[in-house]
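Reading through the structure tokens given below for one structure.
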């Protein structure tokens, strides 16, 4: 019985797939996008009809969530992806496992990998590259220009301000221990672009930090993902947590929450996100704290 | 009546059981080839298989179908059969060696050693071990896990043996201690891992047959075959060991050789399983136990039977892993754990009820 | 001949066997007796190769035990353990059939089957052939183990003499089975010219079934001779610390009968 349902499901997927293929011109690629930024770019180019599936990090726009999910970008399954009959797999360097990517390549699917360059130029060139792969250079150029403008506006905004706040970025909070950003992360890059300084230096990646390390880092502002804020029951609670209250940010109650994908995705929205962050870093209201 | 009862312990029963289990495995292989996210009908499976032998069957298929079978499901199922069989046979052999039906290959440190080495490999990939990682390429992680499993087993073995004698009780204790140490070191490495590494090692530790390819199967084959072909050779010796070590010696078995050989074979086989499939629990424990409940403890049936049933069960679990969340996958270690533990509890409960 | 020559065994700094020389001849039953802790089990373990003596050596048919290939040894010598650790649910039949392991390489299953059946009939165990070994009583287990050891050396290999070493084979048995087990051992020695060494506690059983008795005390061999010479009231008093009277067995007149006294101060 179970198997029947399964077969039915697979058949439905296949039928849809065939329908979509039939409706499109022969030359158009059928895409599985792995990585939130890539999915966003495809949507921003207006080419979402080409998407056959996305990974679980593709959470925006809302419509992307309705597409078949091929799993987490680091734990892809060859057959799952191939069952969506793609002709093109868009990936980033951190997609994997490598053996699975290799299998998909051997099955005749074209694999395109973008560089993960967490900078304004990186985003712009990423957009151009993807647009080229999708034969949508025209839209690509328009989008690239738009994004470039966002970054230019950001630069005009930040260049007028000499003082750079020290920012602590909190990715997640599990069992009371915050997972914070060191160097070399998208968060680190975003803080810099937004005219701040990462309060934590000397280690790479996201790592759990002790209360004392937080105080030692002495951030002026704390940026949390929405997820982290939810985990502690709202941003109001942040400064009740050990360590956070004793930082300069804690004394003034300065904390900002932002959507992780929006802030860290380095997709087409990143210029806006950076501008958003830059503004909020400087205009942050004091968070109510007891 | 009496005469029939006196028939030698189950030559006929043995062949019947092993024949039945072989059939089950064969069916499982065919079914597994036919299920998955990508729809291939059983007819197409047969058509593609028989094309290898130059036969043409009336089920049309295209290159996509063939590619899926040849390069994705084929190696995956081969690896599943080898890993399932090796884990189950190794579990059965360990239970015999430790004279404890709850023993598990993990007792001699092979799994925790492999896990430690794999986690170290993941965490240190971009720093300390960068060159090693570049040289080994795809084989970096499997090679690390395999050597780690073997090294830690060797350590346990050295602690337990003295004066040419291996003391099974000391082996158990050394195993517990070394497992705890390896676990702590793994924890230490995990705590210094960054977010991406954490995700990679989480998925690794849950086990998966995804990404299997023929070159992995070929690389692991010698170790799997050593384990699967040689362990059953020690069936009678393991039976005799259950009487006691001295008794096994008096029955003409070189007890020390048997113990060492079994440990080496288990370390090779299970090390290879962990290296290529990650941590896949419960097969090694449940399969021999289940067979023993039905067929008694004779290793001459239990060892080959475990190989066949272990392979079938792992294929079934992998089938579920592949098809429950299409087009994504569930880690197979999760499937075996979720199915295996309640099943094991049910077995224990039933045994108690029947045993009074 | 199975022979111990001047063997000394020390374990943990304690001398368990001190300069013991004795032998079991083909066709004879040798009973080893002695108080608790005298070294009887240590002697048996040394005689079968489980313990290596610090001094002296053990020979079997003139060859040192160490030089016997272990598989060869198993074909001509069976050892009955005092108790077995078997905890897996083997059937009785499977346990007895394990005795055929040493012969399996050139064995014929039907022939092995026949031997297993005969050994089980002889030890009165065929009644629980399909029972699970772990559900048997202590005495039943002992007989099953004896059946296993008998199947092991049931047939001669070439013209090599066979040996049977029994560690307290009657300890868990009722009266009738004590005698049937020792009668089996006796018959084995008489009919097949096998050498039997048995550790016994009951001096009268030793007197009835053994050709010679070895008396151990604190690791030393105190006497080693025929029952009528060894079973002497003074020697028993000296070794066991208990007064006895030696009488003549009412039906087997060449056999001494040991009758313990009732101690007056034992309430």
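A, B and C are the chain letters, set down in written order, and residue numbers restart from 1 in every chain.
Convention: a residue touches a chain if its C-beta (ideal position, glycine included) is under 8 Å from a C-beta of that chain, and two chains touch if they have at least 3 such contacts.
Everything numeric here is computed off the predicted structure, so don't read it as measured data.
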Ordered by label, the neighbours common to chain B and chain C are none
Chain centroid nearest the full-protein CA centroid: B
Farthest chain from chain A, going by mean C-alpha coordinates, please. C
Quick check: how many Å separate the C-alpha centres of chain B and chain C? 44
Centre-of-Cα separation between chain C and chain A, whole angstrom: 80
Whole-Å gap separating chain A and chain B, where each centre is the average of the chain's CA atoms: 38
Hey, which residues of chain C end up touching chain B in the complex? 45, 48-50, 70-75, 77-79, 81, 84-91, 93-95, 97-99, 101-102, 104, 109-110, 112-113, 116-117, 126, 129-130, 152
Seen from chain A, its contact residues with chain B in the complex are 3, 6-7, 9-11, 13-14, 53, 56, 68-72, 74-85, 94, 96-100, 102-103, 106-108, 171, 179, 182, 204-208
Sort out for me which residues of chain B touch chain C in the complex. 2, 5-9, 11, 99, 101, 236, 239-240, 242-244, 246-247, 249-254, 292, 296-298
If you look only at chain B, which of its residues touch chain A in the complex? 35-39, 63-64, 67-68, 71-73, 138, 191-192, 194-197, 199-200, 203, 208, 210-213, 216, 322-323, 325-329, 331
